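Sharing a structure below in structure tokens format, with a few things to ask.
Letters A, B, C and D mark the chains as written, and numbering starts fresh at 1 in each.
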Amino acid sequence: MVYQIEQEKDIILGNLVRAVHILESSEYFRLLIPEVRVNIVYSMENASCPDEVAGIDGRITLVNGKVKAAGYPRFGASDHMARLIIEVRKYDRSYRAGINFAWTPELSTFLEEYCKGRGWDYAGIDRRMEPEEFSSVERRSMPWKIKTLVEICGGKVPKVFYEGPGLGKEPLTVLLGKDAVEVATEVAEISKQYASRCK
Amino acid sequence: MVYQIEQEKDIILGNLVRAVHILESSEYFRLLIPEVRVNIVYSMENASCPDEVAGIDGRITLVNGKVKAAGYPRFGASDHMARLIIEVRKYDRSYRAGINFAWTPELSTFLEEYCKGRGWDYAGIDRRMEPEEFSSVERRSMPWKIKTLVEICGGKVPKVFYEGPGLGKEPLTVLLGKDAVEVATEVAEISKQYASRCK
Amino acid sequence: MVYQIEQEKDIILGNLVRAVHILESSEYFRLLIPEVRVNIVYSMENASCPDEVAGIDGRITLVNGKVKAAGYPRFGASDHMARLIIEVRKYDRSYRAGINFAWTPELSTFLEEYCKGRGWDYAGIDRRMEPEEFSSVERRSMPWKIKTLVEICGGKVPKVFYEGPGLGKEPLTVLLGKDAVEVATEVAEISKQYASRCK
Amino acid sequence: MVYQIEQEKDIILGNLVRAVHILESSEYFRLLIPEVRVNIVYSMENASCPDEVAGIDGRITLVNGKVKAAGYPRFGASDHMARLIIEVRKYDRSYRAGINFAWTPELSTFLEEYCKGRGWDYAGIDRRMEPEEFSSVERRSMPWKIKTLVEICGGKVPKVFYEGPGLGKEPLTVLLGKDAVEVATEVAEISKQYASRCK
């Protein structure tokens, strides 16, 4: 049993290592890095708290124009994205990984079409619509967000979604997937297509 | 002449190295790291563009709970903080360095008193008050901000100031000084005093 | 099939991540870091070349007195230690991981006793005894070394062994194990016991 | 006085930052990285111990085939190269910086010709010739080495020199200069010329 949990942890950490290699090798992912930087998380099958979700220590940043992870993958390295994936999994257990990246009106227009082409749900929440009873309590905000997204998408968690600009909050896009390599591969492809569109 | 410029660059880069050592050695500075992470900049005497201001490549982040610079000091590594210090120097040439860190209502209350005790001006701008003609054009926002702060402080640039929460913008505090080691030392001291106050 | 290989790679990379965490958290492992620095490798079940063995990119070094991996785990990151583990596995397939660390006469005396206490074989090769037909051809040296060790140990590959000082070659100790976490844990324990002995 | 020392430290640390940028940007310097990795040191005018010489923390290594400093410049980060530059300066105070890199018979043949072309002295010491009374005492070895080199070069410290293979010691080349940027620039040029010669 202990052995199985150790092996599950190895798979998660190693998958994140490969995901970071993919992002660092992507020519265009640098275009999608938000001010708060990027994290990518991968959850244990039975995660119930951020310590059971692995992320990249220090997040993924830009150094001299190149994508670079500040630290190693580690369980408990993420808070926000970890709580997000735990909440998502209450609705859809096929998702175990997620990544955040930039959001702008232009990127959103692109993503709406791109997701349609791939048959993915794409939806957003306007953080200004968040009832104050939730937004004022950090821990209660996440359940409201995911619940709202699921309602918009007719009961499903959208594969790609965004949180629009909030007061003091940078807008962000999130992409979900079954593991870290999948979400890294998909977001690298999105950045490539978006870059070719912008030329 | 070339030699003097090279030496000025060495002094700036080396001073930033020492500033990073100070921040990484600080026990409490981790408490003041905002979502967008920290940058510290040091400007050449005659800087007129971000390439003539040095900052920390990849910013300063938290890795496993410890303050850590993601990369080396480099000229051109910062955009926002570089434009800020260039604009500040149009009013007060004694400032050549600056650092950004977190802002919360609690920290602001503390800073108001702390700055008073040290004889420093402390002021803030409400980004929601920014005329749209400025906020909608990224490059025009900075002159408005610094001009507004100078007006509030009766013609002086405040030593410490903040930009309150804006739509999609994390609130941040900025501290100015004559070099990077000075601002790092001062902000490390602030974090220590603030931590002892919070206990 | 592809999926199984991907999962085997994830387990190896993630196990190396955990091994690095163990070494970086060890208080005493810094005492065992040789001039050539440390690498730790973990081999795929059917590895036949260094690209099928993962190691730490840039090796494990000391930064400001603290153990720190220079880069991420990566397949193909090691040459010497990768060829060593491949050669070892021709004799004993229970070993899949190995780590190199310092060798001194004092440490060797300690290890001889320590290994005896744990029931581990400990042996060394004198690189000055290496026939020139092998030492002059880089790729032929490794088979000679492992063959010699196996002969010394009566047909078994020793769990811990060293290569004594050679001309232009730093002496090194190597410890073998079933995975990277095991060898990291064991070498961290060795460094702890050795440190307490030296006091 | 304190201010002058602080400024001297800034110049040294910043010059090392620029030297690292030069080495990391060099396409061919990776070919000259020895097993023990590279350090580059820059001494204070009146240095008498390694704490008054700055080097690169964790040395300069290869990560995924690219030259990369493991840490920041720091006073006291080097021991061997620091003692070397201090000893050199007893004979020639125009040298304040030095870098070590690989040595092979092929590189040595190249360097002999290259140094002649630039009017630089080039000499080597055979560590097997070192009297045991010196080699057995780590701290007494350095004075012997530099004294021997000065004798070979008729009273001058050679700009470029090597320590041949010793028992348990990797052979290394050292290049001296007035500051870190100079030695980095020169060694980057050497690596470029050597690479073009090897094609």
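Odds and ends about this structure:
Following the convention adopted for this analysis, a residue touches a chain if its C-beta (ideal position, glycine included) is under 8 Å from a C-beta of that chain, and two chains touch if they have at least 3 such contacts.
Source: prediction; values computed, not measured.
Touching chain A and chain B at once is no chain at all. Chain centres here are C-alpha means, and the one lying farthest from chain D is A. Chain geometry summary: the mean Cα position of chain A and that of chain D are 46 Å apart. Separating the CA-averaged centres of chain C and chain D is a span of 29 Å. Between chain B and chain D, the centres computed from C-alpha atoms are 37 Å apart. Within chain B, the positions touching two or more other chains are listed as 74. In terms of inter-chain touching, the protein chains here make up one closed cycle, each touching precisely two others.
The residues of chain C lying in touch with chain A in their complex are 6-7, 9-18, 20-21, 69, 72-74, 181. Put simply, chain D touches chain C in their complex at residues 35-37, 57-59, 61-64, 68, 70-71, 74, 77, 165-171.
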